[in-house]
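Below is the structure I would like to discuss, written out as structure tokens.
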């Protein structure tokens, strides 16, 4: 079970459950893995930006990755972005040994020119070892690094390990089209493209040629449904279900506060024991919780899974 | 008709109509002003970021402002952001003479500390003259300047002319609450708060205490309806109508490409003769146009104004 | 007298003289032009970043450019960077009509990828007209746009008007070498390379292949001497004189406050009537003035031109 | 031997010696510690930005800190900046246990408003424990976080552990004056202020009220001399010696390439066995080495320590 350039479906970005005292909540972590299995995701991604990876020390990070890999029935991708290649190398070695399907690497926000970006991924590929499949995380809003389709093509050509793009440029629809065009012209090898951004454009991303989603919306079941219906050609049905979720999805996609929404809903769904985050964190005010409750009540009119 | 700290309602951000050859299309501009009047907006804003103001030279800018002010039955705000105070001063003088209701000022993206932001607005207020009401544009996503509620409070306290906040921080709901709390505690004078971001959070922004919207969504009629219903306490009806528009609204709110969507829909609605932008611009691909058409067809099931 | 790809020597970046009340001081401007002629510069650049161009309105800008062009015996480059191409086009037309030798264009700080930078200069070249020679300003510290040698090569290949590079990347020595190597390999046309950064690396930049300097150090005479000696092969003598000026040069090269130092020294040298800047500005405290005076006294031990 | 608000003198920023194969070179590390002792520094700082800290994994980092603390006769500050508080906490605990004099904390480059900066240091102080003295690293050029004097004053007031400022804002002279003024007015507790920026303004920084330097110039002996002479009131002598070093100092202070210069000179001085850096790194080209050799030969005419 390793990532490849044809991997498709929904990879859920898993949050890291914490107890209110800041310790890792392993029971909730187990429940979360089981929950994702039940809703039918095709894979999991742990230790991403919204998995609060930077707030863990390295021992905790490895421990969480191991536990998830062991329990899950699906492939697990592990975020290994680090300020330097030494830490990236040791974390990658540990999680690949434990059975990870691949790793995910975001560019440091000091990169500017195309050559710098390409050079960084060459160095990273070398650090993690040639046999290790990795995901390019293209998320300019958070990392302030912009990769043109041509730059992504260069990375894909240069590195056999570069098998997947976590696509979350914004706007991003034309980028999917541009990449698929470059592939069709033989100017780059095919990449698996899973989209992020909380799913906010998943409806049209699928129609543009995405292979699925890798994101963390609090209803992964919705992501699974939309991807399935879209691939089955049930266009209007996919949009109808998607549109019903869009008000909540948009609310969850707010930078900074989004993770709090996600954990709160997962708590309300009975998956997490607590919506606690590790410091520094940004919680929900009572007003915000009431807004999320309101959004859930309205959603429940269209999707019974929101009625609880 | 000048802006004040109690101004409320919908101020539509007007795009600047161009002919395909890049010249200003005055006939479409007149039609646009009339259209806004018919849908019932409370005011207009011209020469903002999405009015392609930086692509106009100063004579064209003044000419457009004058024409809109003369034709409109509602107050007109004019964007006067400029790289320096000399250009800001001369543009402000020209448009206030012509009858503008106030001006809008965005911070230059080199500002970082609170003191720098406060100092900038002090200098700008001095440049435009003490009697001139102005709008603080708080749009970190585009200008990369972050203003905390405390910083906005300082600007409001220091400058009698600072009467309105164009609120488009993201996330921004708690910011409205924080500002209204500071006002309630007497720590800052009341500001008129009109929200932007394409309307993407208008539903809850109204509930948090916003006075209305100042944004450019291609259905200003929807903004007018939501603000009216929200103020009338028709909560679920406001959300129902809002949610019907959200898929298109989200599509239009994509950075860079959003203006192309807006102009295309206004052209389809018969208001603009062309959806042309001045160079440098980012047009819609045929696929993107088809997506917008699809969104309009789906919207028309809920809102007859989208059926054309 | 137009710029070409073999232009060499020292182009002094001229500050704009203001009276303490903020008006343009034309008498000082004339004296400044004469002063530059006397010290033997090969050209002048007006309306650059340190010419306080953004603080001028367009009429003032054109007036200043015309006056300098008329009075100077050397070619004059005019900065025409603008938020949009319309203003750039009209300013360029006005100054080229008046006899400018070329224009200088800095990239807007929103550009990130190589394609965006290349595309911007293509648009600018089109806006100013094909026959107009222009200077690419490569100053990442201020504009936060990074151009790799390959990107500069693309701009030079694509645009016949791109004849000169104002080189002020930091570090930049290897960049000069890389560009000269690309030229030698026939991968790009030759560019005139004049260096900036206040002259802080002029000693070695000349040895790396620069054609001269385009910067605004308060002793343009020193720049003229160093360029001359360096080209004449008087290496150690060039370094000796350069090193004597380095303490002051370093002091003047401080971001933000540098222009105040420059104007203060030009005032002490009898060229400017006042060291005033237009608002917003950052003046020298009495302590800072005393430090500059101290630096001048120390410099005068090696260079009599600093004894006044 | 812990840091306090009156700590003064020179704290050398120690590079981390690597063998050409990328392993830590412990023999060179020992020699480096002894060398610093011989030249008379008052303290050492390890695992800073220029100590290539981000390229070490946590075990290596702790091992290096321990070894230096054990061998040195002077206080040792350890850089503990980390993407999250968990890693910062565990690294701090390890090095304080080992006998460190304090830790140094740089702000993450996502912080913008004053409140965000103040909040971050409150969180960090909590994470490392109230008894732990720490250094605020104020280095906007690298971290793109700007702290006004008022913000630094708030951090100093709020956190008893905040005892020292590593001052490397640029320009920074007025900031020292502003901080000393705030202290004199009783608006903030006294901070120890050690300056960085490679020493480029050390001459005047001492006269403005700095307590010394914390930087890594390849002649720490020069820093020791200038600080001593400046404090002894030997003003012109301090400047004379400083000015002799300025050409090399300026060359070493180039971003990115500076560390390569530093290691190369320390190798030529016989302290390091190799000038290797861990990947990703930016080495010196043969031309650059020749330039450094040239600078050393010229320096040797004034300072015999450069003759080797």
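As written, the chains take the letters A, B, C and D, and residue 1 is the first residue of each chain.
Assume a residue touches a chain if its C-beta (ideal position, glycine included) is under 8 Å from a C-beta of that chain, and two chains touch if they have at least 3 such contacts.
Computed from a predicted structure; not experimentally measured.
Of the two chain pairs considered here, C-D and A-C, the higher C-beta contact count falls to C-D.
Over half of the residue numbers at the interface between copies chain A and chain D are found on both sides, making the touching surfaces mostly the same. Each chain's centre was taken as the mean of its CA atoms, and the one lying most distant from chain A is C.
As a whole-number value, the distance joining the C-alpha centres of chain A and chain D reads 38 Å. Look at where the CA atoms of chain C average out and do the same for chain D: the two points lie 33 Å apart.
Separating the centre of chain A from that of chain C, both taken as means of CA atoms, is a distance of 47 Å.
Among the residues of chain D, none is in touch with two or more other chains. Every residue of chain A that touches chain D in the complex is listed here, in rising order: 52-58, 60, 82-87, 89-90, 109, 119-120, 123, 126-127, 278-280. Listing the residues of chain B that touch chain D in their complex gives 112-116, 140, 145-148, 150-151.
Against chain B, in their complex, chain A makes its touches with residues 170-171, 173-174, 177, 200-201, 203-204, 207-208, 236, 239, 242-243, 246-247, 250-251, 254-257, 285, 287-288, 291, 298.
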